[in-house]
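Please read the structure below before turning to the comments.
Which chain is which? They are A, B, C, D and E, in the order written, and residues in each are numbered from 1.
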Amino acid sequence: MNTSQTKDICTEEFLINMGPQHPSTHGVLSLELKLDGEMIRDCTAHIGYLHRSMEKLAENRTYTQFIPYTDRLDYVASMNNNMGYVMAVEKLLNLEISDRAKYIRVIAAELNRIASHLIAIGTFAQDLGAFATPLFYCFREREKIIDIFDQICGNRLTYNYMRIGGVQFDLPKGIDEKIKKFIKYMRSKVDDYDWLLTYNTIFLARSKHIGLLPKDLAINYSVSGPNLRASGVKWDLRKDEPYLVYEKLEFDIPVGENGDSWDRYKVRLEEIRQSLKIVEQALGALPEGDPTVKIGRIHKPSPSEIYLRTENPRGELGFFIISDGSAYPYRLKIRSPSFSNLAVLPELVKGLKIADIVCILGSLDILMGETDR
Amino acid sequence: MVIIKIIKLSKDLVIGAWSLIKGLVITLKNCFIPAITLQYPAQKQPMTDRFRGLVDLHPEKCIICYQCVKICPVACLAIAHKQENNKKVISEFKYNMELCCFCGMCQQVCPTSAIYMNKIYEISVYDRDKTHINLLNPGKYIEWLNTSIK
Amino acid sequence: MRTNEIFMAIKTDFPEARQEEETGAVIIPKESLLKITQYLKNHRLAFDNLHCITAIDRAERVELAYTLYSISEHHGITLKIYLTAGEENVASLAELWKSANWLEREVYDLFGVIFLNHPDLRRILNPYDWKGHPLRKSYSHPEVSIKPRL
Amino acid sequence: MAVTERIPASKLIQRIPGGGVFLTTSENIFKWGKASSLWPMTFGLACCAIEMIATGASRFDIDRFGAGVFRASPRQCDVMIIAGTICVKMNDCIQRLYAQMPEPKYVIAMGNCAISGGIFYYDTYSVTKGTDSLGIPVDVFIPGCPPRPENLLFGLMKLQEKIRNEKDADK
Amino acid sequence: MLMMLIAGIAVLAFISASAMFLIWWERKVSAHIQSRFGPMRVGWHGVLQPIADAVKLLLKEDIRPAEADKLVWWLAPFFAVVPPVMAFAAIPFGKSLIPKDLNVGILYIMAISSVCVIGIFMAGWGSNNKYSLLGGMRSAAQIVSYEIPMILSMITVVMHANSLSMQKIVEAQSRHWNILHPNMLLAALVYTIAATAEVNRAPFDIPEAESELVAGFHTEYSGMKFAMFFIGEYTNLFIIAAISTTLFFGGWHGPFLPPVVWFLSKTYLCIFIWMWVRWTFPRARVDQLMAFAWKVLTPIAFVNLAITGWLLLK
């Protein structure tokens, strides 16, 4: 075939706008795709459709008042956000918290990590076209966690449970039985997912070797969390910079091999298993004491600045707080994991098909509330 | 060469088919587990003890310390008081439900437990005006307490 | 390595670097940013991860804070650059760390700091035709309602 | 341009003997159909979207009300559940989506953010203060942050009731 | 003439009833697989749900995009509905219960049901929507590749029955069903997979792939036109299941019960399997789909055909 002929065959590239309203953009992300038939030539992500000016808000809220806002950052893992923020403020104030509060925080954070990963897995399967069934199974399991949280703090999604210096409530009576029951139940369900999804041949064909994210590129893009680990980097803040009581607990860090979509999914599934293990241990080692604190309306830290990051289900959530000695933060920067994880997307999708972009986006598990803040 | 390829392909096919069958078995199994659905209007789950519904008030307990107003992150509460016989008396306690973020901090900060959060959670309205509530009015939530819809 | 040791390492090669007292952050002049970051990335310090870029509006100056981490060496440092008002421009690090691309766009969007040689310096969070840089302390927007402070 | 008299079909039928009865029956059937088959749009904005999915999921199962067919294309939807914070950048998009929906269309503002801006009402420069301010008529407001799934179902039932009590069958 | 008219009306009534029933059933099956209930509030366990949907869709505003190709846009839904309805003409419901026993019945059905894709492609083209266009193109590519293994697997049966007539094929199975022959089992498998692709059902529902293409070829259709695609889809599903019943499961043959009951129950069981599959598996990608059709299914079907021929000649 000579060149002039190929030129004739070549069709025009066409632009397609995916989002902000699209079933698989996980909220309000907009992707501008340059397509050649089904093939993606170029991809530009437009974010900011959920930019709620959290950082500006923080400058006008006291340290306590900002806690409910952190719920709405990464709204499927509110506990982890609460915890990250509260820990940052505690570091700013040099506060020590009781052991029981530490354990309760770990339990809450890990349970929420499971809930968050369940959504990630469910939506990933949904994006791959498994019509709602895995998603609804994941939500069914998640409802059990939500029930537990409902008992602990009285809300389903925005918990507002952590307090500067402790937690809002002690664990209610009988909750440990419920959690133990849930752990047992969840373990059997995770095995089910292995067969419904993980080793399903269509699932494998769709997600294996799709969206390869090499190790060095992942680090260079500051990708974090399960996405980084799937690329083969054994990096988990819970192990590498342990906070709370994570060093006393025994768990593994699941690591992927290739950094493809399937690995990212698999790492999440394994993390659910590990989190169950953590919750079980933490529940067993729960010390006596009073984890609650009286709500402090005004905290006035001395002028200083701190940066604290915690391991969120989506990656490393950092709070950079600068205080000027008043009751309001002078500046509060939220380093959100999804923001960095999403930045890598255009790199991954070039040369793939439209169906793959959906798969990669699902496997990256981004959340717009946190990306745009 | 070709034979090896064909054998490999057929092996893959068999393994693939087996994985699909396993998936089918799991969905079929779930078909026979009783549905977990809560038949909502007929069945209602009780709210937990700590459930944060609408903000409510015991007016007699209120000492007008303004703590709740001060802590509210969204300024959805508004209090006014007047002096009567050298005593502070609440003249107005307004609650703007459409700003409230149901964080429960007002309830936690209240020294006399005057302000609390009730268990009402079915609160849909046709009209936005109904979300502005005078907490001193005893019949404020009557509409949502006895919902007529079935 | 601890922050002080890293600072000493930087100090030996770049005498213009100094340490901020309260925070331990390393302050560098904006001219030597590229040199120092290149050194930090490729030196044995191996800062392979540009974690976060943020700006702080201090009225008389804008501070840029770069949070760097090394995943292979397990240490981190904060670099700071003071930008005097009116000269808010600095070299872009997008060549060195790809994560800088979006992070710098965000700082540009919210603070108006210009990153020279940035591959694609557009707004990222706000609409492309937005006016002003919202996280500046001097920013005001006509439609913002201010929450009453009590 | 000449003004032509436009007589609605309902008026014409009423003139036929017995047409009134037919009309009321058919109108009731129409209302029943509209109320029992409200297909929402797959459109989540923020936190409330998660609760919306939870409402669609097994535990609460919005499909029991016939509203479980989440359509991604606005052309095939009856109800837009605005679930989450509307940001300034999103305004045009929401207005366009609303315009793309065929009549009869309904809007549910789910959550305080969609009603008034809610928790983001004060001090934010990038949040629209409610669906109303976009010129989109909202049929049912569901306060909550986020509302419980039961509350969304309750709101849906209120919408159904509203449709059943509609005066004009042509809406 | 009158008989034809009555038969036509009966078939039409059956089609709409069947499509409605299938829609309800699909929602119920999916619901129970997902451990929920599905429609519950209109009629007994929501049986009236499809009627409510139909009433609502009937009342919906019909929007035509300004840039749409008017004629193509308008015709597309008819092309989606008419072919499956026409295919009913040669479906044997019972011993003498067949609208028209054509001597080339199976050929006729295959030829007619391939026309469906034209409707889908017209919808994709006529909407002037990029997502629709992608859906239409995918659909065309898909049908082209899946017709071949499908027909090849049918030929196996035809060779056994020595006839193209549907009734003859059923009669040939009076002693035992075709599915009991190993080579027929293979043919049935190939047929099932190819038929899934033919009717655009998951895991091969790429033309309307919701998570990728919003709603694929019918993105721009609303109201009754959309409903027609819906009805067409479910009628097609019924046709496909009816063919598989006729070809592999002995058609209306069966003891005790009347033939119609046997036929329908077998067909609906087949449909259940398709539904079950739909609500379990993820979707295949478009190139994987083609690769599977050309590299796996077609060779298998050919080899199977050769073996069948050899067995028959032996």
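General observations
Simple rule for what comes next: contacts are C-beta pairs under 8 Å (C-beta built on N, C-alpha and C of every residue); 3 or more make two chains touch, one makes a residue touch a chain.
For clarity, every value in this text was computed on a predicted model and none was experimentally measured.
Contacts with chain C and chain E are shared by A, B, D. Common neighbours of chain A and chain D (chains touching each): B, C, E. Distance between Cα centroids is largest for the pairing of chain D with C.
Between the chain pairs A-E and B-E, more C-beta pairs are in contact across A-E. Chain closest to the overall centre, judged by the mean of its C-alpha atoms against the mean of all protein C-alpha atoms: A.
When chain centres are defined as mean Cα coordinates, E lies farthest from chain B.
Chain geometry summary: the mean Cα position of chain B and that of chain C are 40 Å apart. The geometric centre of chain D is 34 Å away from that of chain E, both derived from CA atoms. Inter-chain centre distance (chain B to chain D, centres taken as mean C-alpha positions): 21 Å.
The distance from the centre of chain C to the centre of chain D, each centre being the mean of the chain's C-alpha atoms, comes to 46 Å.
Counting partner chains per residue, chain C has residues 125-127, 134, 146-147 touching two or more of them.
Residue positions of chain E touching 2 or more other chains, listed in rising order: 31, 33-37, 40, 210, 214, 279-281.
Among the residues of chain A, those in touch with two or more other chains are 22-23, 48, 51, 53, 56, 60-61, 68-69, 133, 136-137, 140, 143, 158, 196-197, 200, 202, 372. You'll find the chains touch as A-B, A-C, A-D, A-E, B-C, B-D, B-E, C-D, D-E.
Those residues of chain A whose C-beta lies close enough to touch chain D in the complex are 20-23, 27-28, 48-53, 56-57, 60-61, 68-69, 71-72, 75-76, 119, 135-137, 139-140, 142-143, 146, 156-158, 368-369, 372.
Residues 35-41, 44-45, 73-75, 97-102, 121-128, 131, 147, 149 of chain B are the ones that touch chain D when the two sit in their complex.
On the side of chain C, the complex with chain B involves touching residues 147-148, 150. Only residues 88-89, 121-126 of chain D touch chain C when the two sit together in their complex. The part of chain B that touches chain E in the complex is made up of residues 9, 13, 20, 23-24, 26-28, 30-31, 33-37, 39.
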